[in-house]
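Just below sit the structures, each encoded as structure tokens.
Two complexes follow with subunit A in common, the first pairing it with subunit B and the second with subunit C.
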Partner chain A sequence: MTPIAIEALGLSAGYGGREVLQDVSLTLRAGEILCMIGHNGAGKSTLLRVLFGLHRPSAGNVRIFGDTLPGFTPAALGAAGVALVPEGRGVFPDLTVEEIFGLALWSAGVPKSGQRERIDEVLEVLPRIKEFRTRRAGTLSGGQQQMVSIGRALLTRPKVLLLDEPSIGLAPKLFQDLIRPIAALRESRGMSILLVEQNVREAFAVSDRVLVMRSGKFIFEGAPAELDHARLMELF
Partner chain B sequence: MIAYAANLATIVAIFAILAATLNFIVGYAGIFSVAHAVFFGLGAYAGAQVALLLIPDPLLACLAGAVVAGGLSLCLALPALRVRGEYFVAASMGLQMMAVTLFSEAKPLTGGIGGLVNIPRPTLFGVEVSVLPLALVALALILLATALLQRGAFGRTLQALRDAESAAEALGKNVAAAKTLAMAFACAGAGIGGALFALHLSFVNVESFTMDQSVLVMAMVIIGGTGTLWGPLVGAIILLSLPSGLAFIPFIPPTEVGAVQQIVYGLAMTLLMIFRPAGLVGDLSKGRATA
Partner chain C sequence: MLFLQLLLQGLQTGALYALTAAGFALIFGATRIFHFAHGATFAIAGYVFLYFWNAGQPWPGALAAIAAAVVFGLGMERFVYRPIQRHEGSFFTVFVAAFGVAVVVQNLIGMIAGRGFASVDTPLSMANEVLPDVFLAPIFWIAIAVAIVLFVALSAFLTRTHAGVGLRALAQNPDLLRAYGLSSNRLSMLAFALGSAMAAPAAILTAMTTGLNEAVGHHVMLISMAATIVGGVGSLRGAALAGLMLGVAESVALQFVDTQWAEGVSFLVLFAFIIFRPSGIFGVAQTR
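Take a look at the complex of A and B:
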């Protein structure tokens, strides 16, 4: 039986009394790419924030590889092998790519002796970063910034990667070039990926399973092939 | 003349403490508070009450000022954890306005509009001491603490929050703890400044803790250079010394000094923001100040 990377049961969460997630349950299997789609405000990003310990749910619990973490904080989740690539890239504009990587490795507590190896691993997956590694992140294009953001997450050697709309502001071809090497990590490293996306076509091409969210609830779960254009229009 | 210079130096040192501590949250953590005068006031009232009711020991007064202001910094930390940017500016503005009303009305603690008067001169081991050396030592310690914190893990976390909060969260940083601690440090420092201010003037009232004062301290930080160690000190020296210096220019009639001060002050600020937006000590090459 395939082990379960993330198991969330009965999650509810909201902001200022407004409930955004309503009794949501989700299972991400080890080595699986699970795509979550839904219109703006459906609750996708809130769910990712809850899964990464950035937002406290009002009900429900989450298990990571079968364990309930004692302190469900980003630091504890990072140590348990979960990494988040936040929406909007989230790079430090005044730092160079090398400095951002250094900060990520320092934050993850990676000793100096092991840092070179980690950076080389990331450059193997995203080799184009070599071209701009000495530049400040604020001067990079959207696609380059997204590469840096994903690269930063990969430095921690995550077992689970949470990606929040990585295609925002990117041309489809650029997104394709970005997502394919990440998706390949499923085979090479057995990584599980929860991909929140609006770019349905490209996301479905790399996903094993799809969840459709509407108003804080999942209204569809199945294989990408089950969602043809008409069905998608109906669900959106 | 010497007394005038000593008084000016004391006021500059106290405001440099205020500017340096405000810079800690504005420059390093990116939290734009316009309520720093509130914590200056809390420290001043706490220090004054210690001197009036117990003993005029400046160390005890500073400790009381730091504890009261640092403890009540939660009033500012709570909105900072929930809102950012212009929303936080508005929230801190609300706190500032509310505090001025409370300072005016809480007569048993603050003396109301009339303030607290006849605060005894500070004494250490039974000997009366000037506030100037105390303020200089406090300023030096705050700058040293700022430099050490900024270079350490805590400083890196704050700067990560300032530059990209979502990325800092993704790195596993404890945003709430970092913001709360930064706020407590900055407000406790402002409280120390307030206690020294009360002991120096022997009188405090709400007029010294209004929005105008918060804006003045913010101007010191911005003109000197946000996110720099020495910028706030430079800003405090310039904004407090320049207007005083104008009073000694012989060809300006004494009746017009006030108006000329306002013109020079406004012009200097405008020109500075056009030609050195990163502040006098800020690093222009990065578009944002650095230490």
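Take a look at the complex of A and C:
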């Protein structure tokens, strides 16, 4: 039986008394790419924030590889092998790419002796980063910033990658170039990916399973092939 | 020669302003907390040093002053600002709380150490004639050297260490820092510890030169605030340079105005910047 990377049961969460997630349960299997789609405001990003310990749920619990972490904080989740690529450009504009990578390695507690190897691994997956690694992130294009943001997450050698709308502001071709090597890591490293995406066509091409969210609840779960255009229109 | 004498004195005062202003700018830049009690940190450090000096323990006194500054800064972060921020308190709430603490510290110092000026008597502040009619005390060189060394060390820390880069990241986006798995609270504490520590050498050197009184914190705070705005909010080198500039302006102004008006010169410079270059020396102009 395939082990379970993330198991969330009965999650509810909100902001200032407004409930955004309502009793949501989710299972992400090891080595799986699970795509989550839905309207803006459906609760997708909130769910990712809850899963990465950035937002406290009002109910429910989450297990990572079968364990309930004692302190459900981003640092504890990072140590357990979970990394988040947040929505928007997850980079600090005034820091260079090298400084951003340095922060990621520091946060992951990677000793100096192992840092070169980690960076080489990331550059193998996203080789174009070599071209601009000494530049300030704020001077990079949207696609380059997204590459850095994903590269930063990969430096921690995550077993689970949470990706929040990486295609925002990117041309479809650019998104393809970005997501395909990441998706390939499922094969090479057995990494699980939870991908929140609006670019349905490209996201479905790399996903094993799809969840559709509306008003804080899942209203569909199945294979990408089950969601043809008509069905998508009906669900949206 | 009077101008040169005032200029050199201004450089000494400015070096101390630069240190204090850089500490305030570091805290404000990294955490966006308007730490009005930074002047109280300065006063506490100065009086702790004075106490040890009078007990014949100058070096332990210097260490105790730094420790007291750091403990006070960390205490403010942990027990005053963090609870206010946790309850989403406004900028004004933070300011009033800090102002209140600064007033309490000023009164406590007055009660414990007595009111009026107090200074340490040291040969380091005895002036010698270095040029005809130009007098300099060894403390001048010490003040300049301490300011340069500490500023270079702080700059190196911010650019060459992960913790320093983390502080710069904290200034840009604390939420994103959490997504990186880093604790913004810990980095905020580091900013307060370092920024407060920067005030201690300036306080010690002030005790050895112009002396301290219980209200010294307010003056220092106003200068730090002015230097932060003149230098460009968020720019450490800007705050340090502006601190130096304000010290020189105050001193050189003595050629034209009485001592009691010299402080006003700093604020004239501040107003001039607010009107003609509101983004400060190194700040980036905001466009609508």
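Couple of notes before you dig in:
Just so it is clear, the second predicted complex is superposed on the first by the 236 of 236 C-alpha atoms of A that agree within 3 Å, B and C clash if a C-alpha of one lies under 4 Å from a C-alpha of the other, contacts with A are read in each partner's own complex, and residues count from 1 in each chain.
Here, a contact is a pair of C-beta atoms (placed from the backbone, for glycine too) under 8 Å apart; a residue touches a chain by one contact, two chains touch by 3 or more.
Quantities reported herein were computed from a predicted structural model and do not represent experimental measurements.
Following the overlay on subunit A, a clash is recorded for the pair subunit B and subunit C. Legend: residue contacts after superposition of the two complexes on their common chain; A:Arg186 is shown touching neither subunit B nor subunit C.
Contacts of A:Gly102 after superposition: subunit C is touched, whereas subunit B is not reached. Of the two partner chains, both subunit B and subunit C are touched by A:Leu77. By the touch criterion stated above, A:Leu54 is placed in contact with subunit B and with subunit C alike. In the superposed pair of complexes, A:Gly90 makes contact with subunit B and with subunit C alike. In this superposition on chain A, the options for subunit C are 56-64, 128-136 or 254-262, and subunit B clashes with just 254-262. Shared contact residues of subunit A, touching subunit B in one structure and subunit C in the other: 52, 54, 74-75, 77-78, 83-84, 86, 90-95, 103-104, 106-108, 152.
Here subunit A touches subunit C in the complex through residues 52, 54, 74-75, 77-78, 83-84, 86, 90-95, 99, 102-108, 152, 156, going by the rule given at the top.
Chain contact summary for the complex, subunit A toward subunit B: residues 52, 54, 73-75, 77-78, 83-95, 103-104, 106-108, 149, 152-153. Across the interface of their complex, subunit A is touched by residues 162-163, 165-166, 168-169, 172-173, 175-176, 178-183 of subunit C. Looking at the complex, you find that subunit B touches subunit A at residues 156, 160, 163-164, 166-167, 169-174, 286, 288, 290.
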